[in-house]
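The two complexes that follow have chain A in common; it is paired with chain B in the first and with chain C in the second.
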Partner chain A sequence: MTYVVNRLLSVILTLFLITLVTFAVTNILPGDVAMMIMGTQSNEAALEGLRQSLGLNDPLIVQYGRWIGGLLTGDLGNSLIFKKPIAELLVQKAVASAIIVVMSMTIALALAVPLGVWAAVHRDKWQDTVSSSASLMGVSLPDFFWGIVMILVFARWLVWFPSSGIVEPSEDFLGALRYAFLPSLALGLGLMAHLTRMTRSTMTGILGQEFICVARAKGLTERTVIWRYALGNAIGPVITIAGLQIGYLFGSIIVMESLFGYTGMGWLTYQALLNRDLPLIQATVVVIAAVVMITNLLVDLLYVLIDPRVKLG
Partner chain B sequence: MKDIVSVDHLRVEFATDSGPVVGVEDVLFTIAPGETVCVVGESGSGKSVTSLSLMRLVEFGGGTIVAGALRFRREDGTELDVAAASPAVMGEVRGNEIGMIFQEPMTALNPVFTIERQLTDGLMLHKGLSQAQASARALELLKSVRVPEPERRLKQYPHELSGGMRQRVVIAMAMACEPKLLIADEPTTALDVTIQAEILALINRLKRENGMAVLFITHDMAVVAQMADRVVVMYRGKTVETGTVDQIFTAPKEDYTRALLAAVPKLGEMKGKPAPERMRLIGDESARAARVAPVARKPQVLLEVKNLTTRFPVKGGILRRTLAQVHAVEDVSFTLNVGETLALVGESGCGKSSCGRSILRLVKPTSGEVWIGGRDIGALSPYDLRKARADMQMVFQDPFASLNPYRRLKDQVAEPIVNFGLANGAALKARVEELFDRVHLPRAFLNRFPHELSGGQRQRVAIARALAVNPKLIVADEAVSALDVSVQAQVLNLMMELQEDLGLSYLFISHDMAVMERIAHQVGVMYLGRIVEIGSRAAVFDNPTHSYTKQLLSAVPIADPTKRRFADDLAFKPIKSPIFPLGHQPAPSVYTEVAPGHFVLKD
Partner chain C sequence: MKRFKTTKGLIGIFLLTIIALVAILGPMILPPDAATKMDMLARRSPPNWNHLLGTDQLGRDMLARVILGARTSLEIAVSAVLMSIVLGLPLGLVSGYSGGWNDNVLMRLVDTLLAFPALLLALTISAVLGPNVQNTIIAIGVAFTPYLARIIRGEALKVAQMPYVEAARASGTTDGMIMLRHVLPNILPAVIVQATISLAFAILAEAGLSFLGLGTQPPAASWGLMIQASRDQLDVAPWTALVPGAAVALTVLGLNMFGDVLRDILDPKSK
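Up next, the complex of A and B:
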C-alpha cells in the first residue's frame, strides 16, 4: 500500500511539473489569444476589453492558479476554434482514441509474443531470421506508410474496412471498432517490432535457466514448458515495454488519425496546434501526460500479479 | 538382478559453427537396482552430458547422441533404448521413472509458480491424479523430505524459501512419482557444508526407503567417498576407471584416478603435524620435498584487528530511510603474523568476506581498528590510504570476473605497478616477466587475453597482479573455490611457495575446512559476524570447543569411504538472521582461553 501511495505522490508531483512547463511554454509562444478570438482586423479597444475579461492582463501566477483551479474542477475553458467547452470535447475524443490505443496494443502483443517465442525456441535457425526480419521491417517503415498500405489492401482492394471516418461507440459499438481497425493495425505493426525483440531476448534468457531443464526433467510437455513455465517468467519486461510504448503511441496517433480522418485525440491535438488554440493545447498535453503516467503506474501494479517476487512496500 | 541402466560406448556431439564438438565419447557403466553410482570428474569431463543424455535432455542444449547405446529397464520390465525412444515415450519416462535433481537450488524452481503447483503438475500428468489428490501427495512429499511447516510451504513461492529448503523441494519434486532411478547432478555443490550434510543424508534415507538407484554426479571426492557404492571416474569425455568405492579409494588402477585422489585433502589427516603442508601432487616431486618449515624466526605481528565491526543499512519506506542493520562483522579481533596464514572459515553469510573487505577498507567499517605493519589504516588520509594499499592486496574467487576481458594479461599485471609509479619502460617489462615466472606462467602468455586461459591459469594471473606491488598481506577470498581439485592443489602450492620465498602473510577466507586444515597456521571460525573460536590450526581442528565449530566439522564430508557420517537424518541448527533493528547494541565478544592461544567465544 505504501508503494501505491508513493507512486501516486510521484505521479502528482510530475503532473504538477508538467502543468508548469506547459503553462510556461504556451505563454512564451508568440501570439495573442484575444486577437486569435476576434481576428486581426479588430480594434485595439475591443481587444483590450476582451483581454481584461479573459484575465489575460493578470499576473502570470494568478492566471496559472486560475487554470489549475479549472483543471481540478473539470472546467478547462472553451476551445477557441470549436467554440465548445474543452472538457466535453476531450471526453468524446479520448474515448475514440482509447479504442485505437487499446486495439493497436492488443494487435501488437498478439503478433509480437508468439513471434518472439517462436524465434527464441528456434534460436539461430531460419525461424529466428524470419522473425527478426519481420519485426525489423515493422519498425523501419514509418507508420503512415503502413497506413497507406492498409487503405490500399483492406479498403480499396478487399473493401473489408472503411478507409476513413469514425462512428460514435455509443451509437454503434461494432461499427466503431470497424472504423478503428485499420489505423490500429497500422500502428500495431510499428509497435510490434520492439515487443518481438523483447519477447525473444527475455525468452532466450529464461529458456537457458535451470528450472526449464527441471520442468523438462519432470516430463512436462514442451508446450507447457514453453508457454507456461518460460513465458510466465518472460512476459514481465514485455509488458513494461508495452506500457512505455503507450506514450509513443500518443505521438503516432496524430499522424494516423489525420490519415484516416478519424477524429480522436490525435486529430484534436493536430487541429489545436494548427490553429494555435492555446487553451486546447494546454489541456490536451496535460491529459495525455496524465494518461501515459497512469498507464505506466498500472503496468507496475500489474507486475505484482505476474511476478510474486515483486512486493509493494 | 538385472541392471536398470547400462551405458555402452556412448558418444555425444554438439553442433557448433566450426563443426561438431565431442561432449563425451566412449562412456560405459551400468547401474544395478538400489545402487548408488557416483560419476566423478573435473570440469569438462562430460559427467553432466552423460546424465543429461540418460534423460535425453542433452538435445535441448544442442547435443546429439551419435553412437553407443543407453538402455533403461522400465517399470514393466521392458528394456528401453533411450537414444532411439520417441519424444512421447521420453515424456512418460522423465519425471515418472527417472527423477532428476540439479546443482543450483536457487534457479531450479520456477520463480513465478507456487511450490504446490510445481510439485503437483508432474503428478497430475504422470499419475492422472486430481488436483486434490495431487495436493495431498505434495504435502506428504514435503513431509518426507522434512520441510518444516509443509502446509504453509505449499502456498509459498520459491524466493520465500532458503537454499537448503529449496533443494529439499527439488528433491521432493524428483521423488514425486517414486522413480526407480534418481539422477543427482552436483546436488550439493552450491550449498553450505551443514546443508550439504543434511541433503546427502536425506538422499541416503530416501534411497534406502524406496529402494531406488541413484546416479550421483559430482566433482567432490569427499562426497563420493561418503555416498557411492560404485564409482565411475571420468576424464575428458571418457570413463577412465570404474570400481567399487573401496577399490577406487584403496587401490586405484589408473594414474588419473591416483592423481585425482592425491590432490584431495582429507579432513583430519593433519592431526599431530606441527606446520602446514603442501598439497600432494603426483608427478610434482618438489611439492613433496619442500615441506613448509615451521616459522623459525620470532613471530612478528603484521596485521592486528581490534574490535572490528561492520554494519550495512537495510533501507525501505517512502524516504528510503534505514530501517534495520545487517550486523555483518561484529566485534572481531585477531592478529596475523608475518609469513603466516590465518584462515577465516564459516558458512555463507557469516561475515567472513565482509571482514576481509573491511580490513582492506573496500568497505568502510562501522568501528574498530586495523593495524598493518604498525600503521592504523583507519586513521590514514585518503592519500596515505592509497599508498598503503600497496601493502595489502586481494585475490578474488572468480578468476573469470576479476580480470578485464579486453586487456592483455601483461597490461593487467603491470597496471598496479604503473599505478603506484614503481617502475616504467624496460624495468616495468622485466618486472612483469619476472612475475609471470614467479607464478609459473609461460612468458608466451604475456600478450594473451583472459579468455585464452584456463581457470587455474587465470587465477595465477590474478596472483601475479596482487604480487606486483610487493604486498605484505594478501587477502584471498575463496581464491581456490572455483577451481578443479588438481588445479586447486597447484595454485595452493604456488601460494605456499610464495609465502616461504617472500614472507607473505595470507588472510585466507574459505568455506573449505579440509583445505584450510592443510594450509593454515591459525584458524578463526566465524558465525553471525563474530569469531566464535580462534587458535592454532591444531587447537581448532583437533580440539574444537565451541558448539558451532563442532557442528561445522561434523558436517564436512571426509574423502575416506571407511568414515561415513551421513546415514541418518541430520538437522543442524539453522543460522540465525544477522539483521537487527536500529539501535540494537549487541554485547561485546568475550572469550575464554581454553588453552594458550586458543580462544572460544562465551555464549
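Up next, the complex of A and C:
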C-alpha cells in the first residue's frame, strides 16, 4: 500500500513538473508569442493590443498561475487557429488517437513476440539471423518511410485501404478501424523491431536457465516448455519495454497522423506547432506527457499482476 | 553467431566510412549548383545515364541532392549528439557520483523530461525557436539529454562504489578530481556506445523534423525534406522517396550495426 501511495505522490509531483517544463519551454525561450501569432510584419500597436488581451504583459508567475488554474478546472482556453475551446478539441481527437495507439501496439506485440521466440529458440541458426536482420532493418528506417510505403502498396496499388482521412468511431466503428489501419501498421512495424530484439534477448537468457532443463527432463513437450515456462517468464520485461515505447509512439503519431491526414491528437499537436497556436501547443504537450507518464505507471502496476515474484510494498 | 557479429561490425564500419566520405568529399567534388540546378526538360525522370538516381519534381538531380543531404543530416545529428553529451555528462556524473539530494533533484527533473516523447520535445523547441539548422540541432540536442543523463548516472553510480574510488577518497582526493580522473574514464565506454545509438536516433529525428517542416528548410537539401517533397508524386516518381529513404536507412543501419558490435566489445557485461 505504501508503494501505491508513494507512486501516486510521485505522479502528482511529476505532473506538476511537467506543467512547469511545458510552460518554461513555451514561454521562457526567446520568441514573442504575439509576433508568432500575427507574423513579423505586423505593426507594433496591434502586437501590443494582442499582448495585453492575452495577458502576456503580466509577470510569468501570474501567467503560469492562470494557466494552471485553467488546467485544473478543465478550462484550457481557446485554440487560436480552430477558434474552439481546447478541451472540446482534445476529447474529440483523443479517441481517434487511442484507436491508433492500441492498434499499433497490438500489431507490434502480435508480430514481435512470436518472432522473438522463434529467433531465441533457433539461436545462432539462420532463423535467428533472419529475425535479427529484419528487426535491425526495422529500427533503421524512419517510421514515416514505412508510412509512405504503406500508402504506395496498400492504398495506391492494391486499393485495400484509404490513404488518408478519418471516420468518427461513433458513426461507423469498422470504418474508423479501416482508416486507422495503415497508420497503425506503419507504426506497429517500427515498434515491432524493438520488441523483437527485446523478446529474443530475454528469451535467450531464460532458455539457458536450469528450470528449463528440469522441465525438459521431466518430459514436458517442447511447446509447453517454450510457450508456458520460458515465455511466461520473459513476458514481463517485454511488457515493460512495450510500456516504455508508449512515449516513442506518442512522438511518432505526430508524424504518422500528419502523413495520413488522420485528424487525431498527433495531427492536432502538429497543427498547433506549425501555426504557433501557443495555448494549443501547451495543452497538447502537457496532455501527451501526462498520458505517457500515467501509462508507464499502469505498466508498472500491470507488471506486478503478471509476475508474482514482484511484490508491492 | 560469432561470425555474424564480426560480419555485422564490418558491414557497419564499411557503411559508415562510405557515408562519411560522401558527406565530406561530395560537396567538394560536386559543382556548387549541382543540387539546385533545375533541368526543366527532365522533371521527375527515372534513373538514367544523365541522372543516375533520377530527378525530382523540379528536375533537380537526386544523386547530388542526396549527397548534399548527407552533409546536412550528419552535421545536424553529430552536433546534436555532442550537445546532449555536453549537457548530459555533467548532469549524470554529478547525480550518480554524489547521490543523496543532488541525485534526487536532478533525476526527478530528468524523469520529468523523459515523460515528453523526444520527438515532441524537439518539435516544440524547434517550433518555438523557429525552424532552421541551428535550432534543429538545439532541439534534438536538448531532447536527447535526459536519456544520456540517465544512462551516465547509472554507470557513474556503479563506478562510484568501486574500491578504487573509495581508495582515492581515503587518500584525500577531492570529489571533483575523483569524478574527472577515476569515474569519467571508466564510464566512457558506455558513453561512446550510447552516443553511437543516439546518433542513429538523431538522424531519424532530423528526418522527422524536416519531414514535418520544422527542421531544415528548403531549398537546403536534407533527407527528411526530400522524403517530404516526394509525398505527392509517389505513383509517378517513387524513386524520389526511395532514394532519400535508402540513404537514411543505410546510415542508421550502419550506426546500429556498429553500435551493437561496439557494445559487445566495450561493455561485455551487457551481452
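Quick note on the criterion: the second predicted complex is superposed on the first by the 287 of 313 C-alpha atoms of A that agree within 3 Å, B and C clash if a C-alpha of one lies under 4 Å from a C-alpha of the other, contacts with A are read in each partner's own complex, and residues count from 1 in each chain.
Rule of thumb we're sticking to: a contact is a pair of C-beta atoms (placed from the backbone, for glycine too) under 8 Å apart; a residue touches a chain by one contact, two chains touch by 3 or more.
Quick caveat, the model's predicted, so the values are computed rather than measured.
Novice: Given the alignment on chain A, is it a clash or a fit between chain B and chain C?
Specialist: fit
Novice: For the overlaid complexes, name the partner, chain B or chain C, with more touching residues on chain A.
Specialist: Partner touching more chain A residues in the overlay: C.
Novice: With both complexes overlaid on chain A, does A:289 touch chain B (first), chain C (second), both or neither?
Specialist: A:289: touches chain C, not chain B.
Novice: For A:233, select first, second, both or neither according to whether it touches chain B, chain C, the two together, or no partner.
Specialist: First partner only.
Novice: When the shared chain A is used to line up the two structures, what angle, as a multiple of 10 degrees, is there at the CA centre of chain A toward chain B and chain C?
Specialist: Between the chain B and chain C centres, as viewed from chain A, the angle is 80 degrees.
Novice: Report for A:84: first if it touches chain B alone, second if chain C alone, otherwise both or neither.
Specialist: neither
Novice: Between chain B (first) and chain C (second), which, if any, makes contact with A:13: first, second, both or neither?
Specialist: After superposition on chain A, A:13 lies in contact with chain C alone.
Novice: Is A:144 in contact with chain B, with chain C, with both, or with neither (first, second, both, neither)?
Specialist: The answer is second: A:144 touches chain C but not chain B.
Novice: With the two complexes superposed on chain A, say which partner A:211 touches: chain B (first), chain C (second), both, or neither.
Specialist: first
Novice: Quick check: superposed on A, how many Å separate the nearest Cα atoms of chain B and chain C?
Specialist: 5
Novice: Once bound in the complex, which stretches of chain A touch chain C?
Specialist: It is residues 13-14, 17-18, 21, 25-26, 29-31, 123-124, 128-129, 132, 136-137, 139-142, 144-145, 148, 151-152, 156, 247-252, 254-255, 258-259, 269-270, 273-274, 276, 281, 285, 288-290, 292-293, 296 of chain A that touch chain C.
Novice: If we count contacts the way the header does, which residues on chain A are in touch with chain B in the complex?
Specialist: Residues in contact with chain B: 2, 5-6, 9, 209-211, 213-221, 224, 229, 232-233, 306-309, 313.
Novice: In the complex formed with chain A, which residues of chain B make contact?
Specialist: Residues 55, 57, 60, 90-96, 99-100, 102-104, 107-113, 121-122, 125-126, 157, 159, 170, 173-174, 176, 316-318 of chain B touch chain A in their complex.
Novice: For the complex, which residues does chain C have touching chain A?
Specialist: Against chain A, chain C makes touches at 1, 4, 108-109, 111-121, 123-125, 127-130, 200, 204, 207-208, 211-214, 224, 227, 230-231, 234-235, 238, 241, 245, 248-250, 252-253, 256-257, 260.
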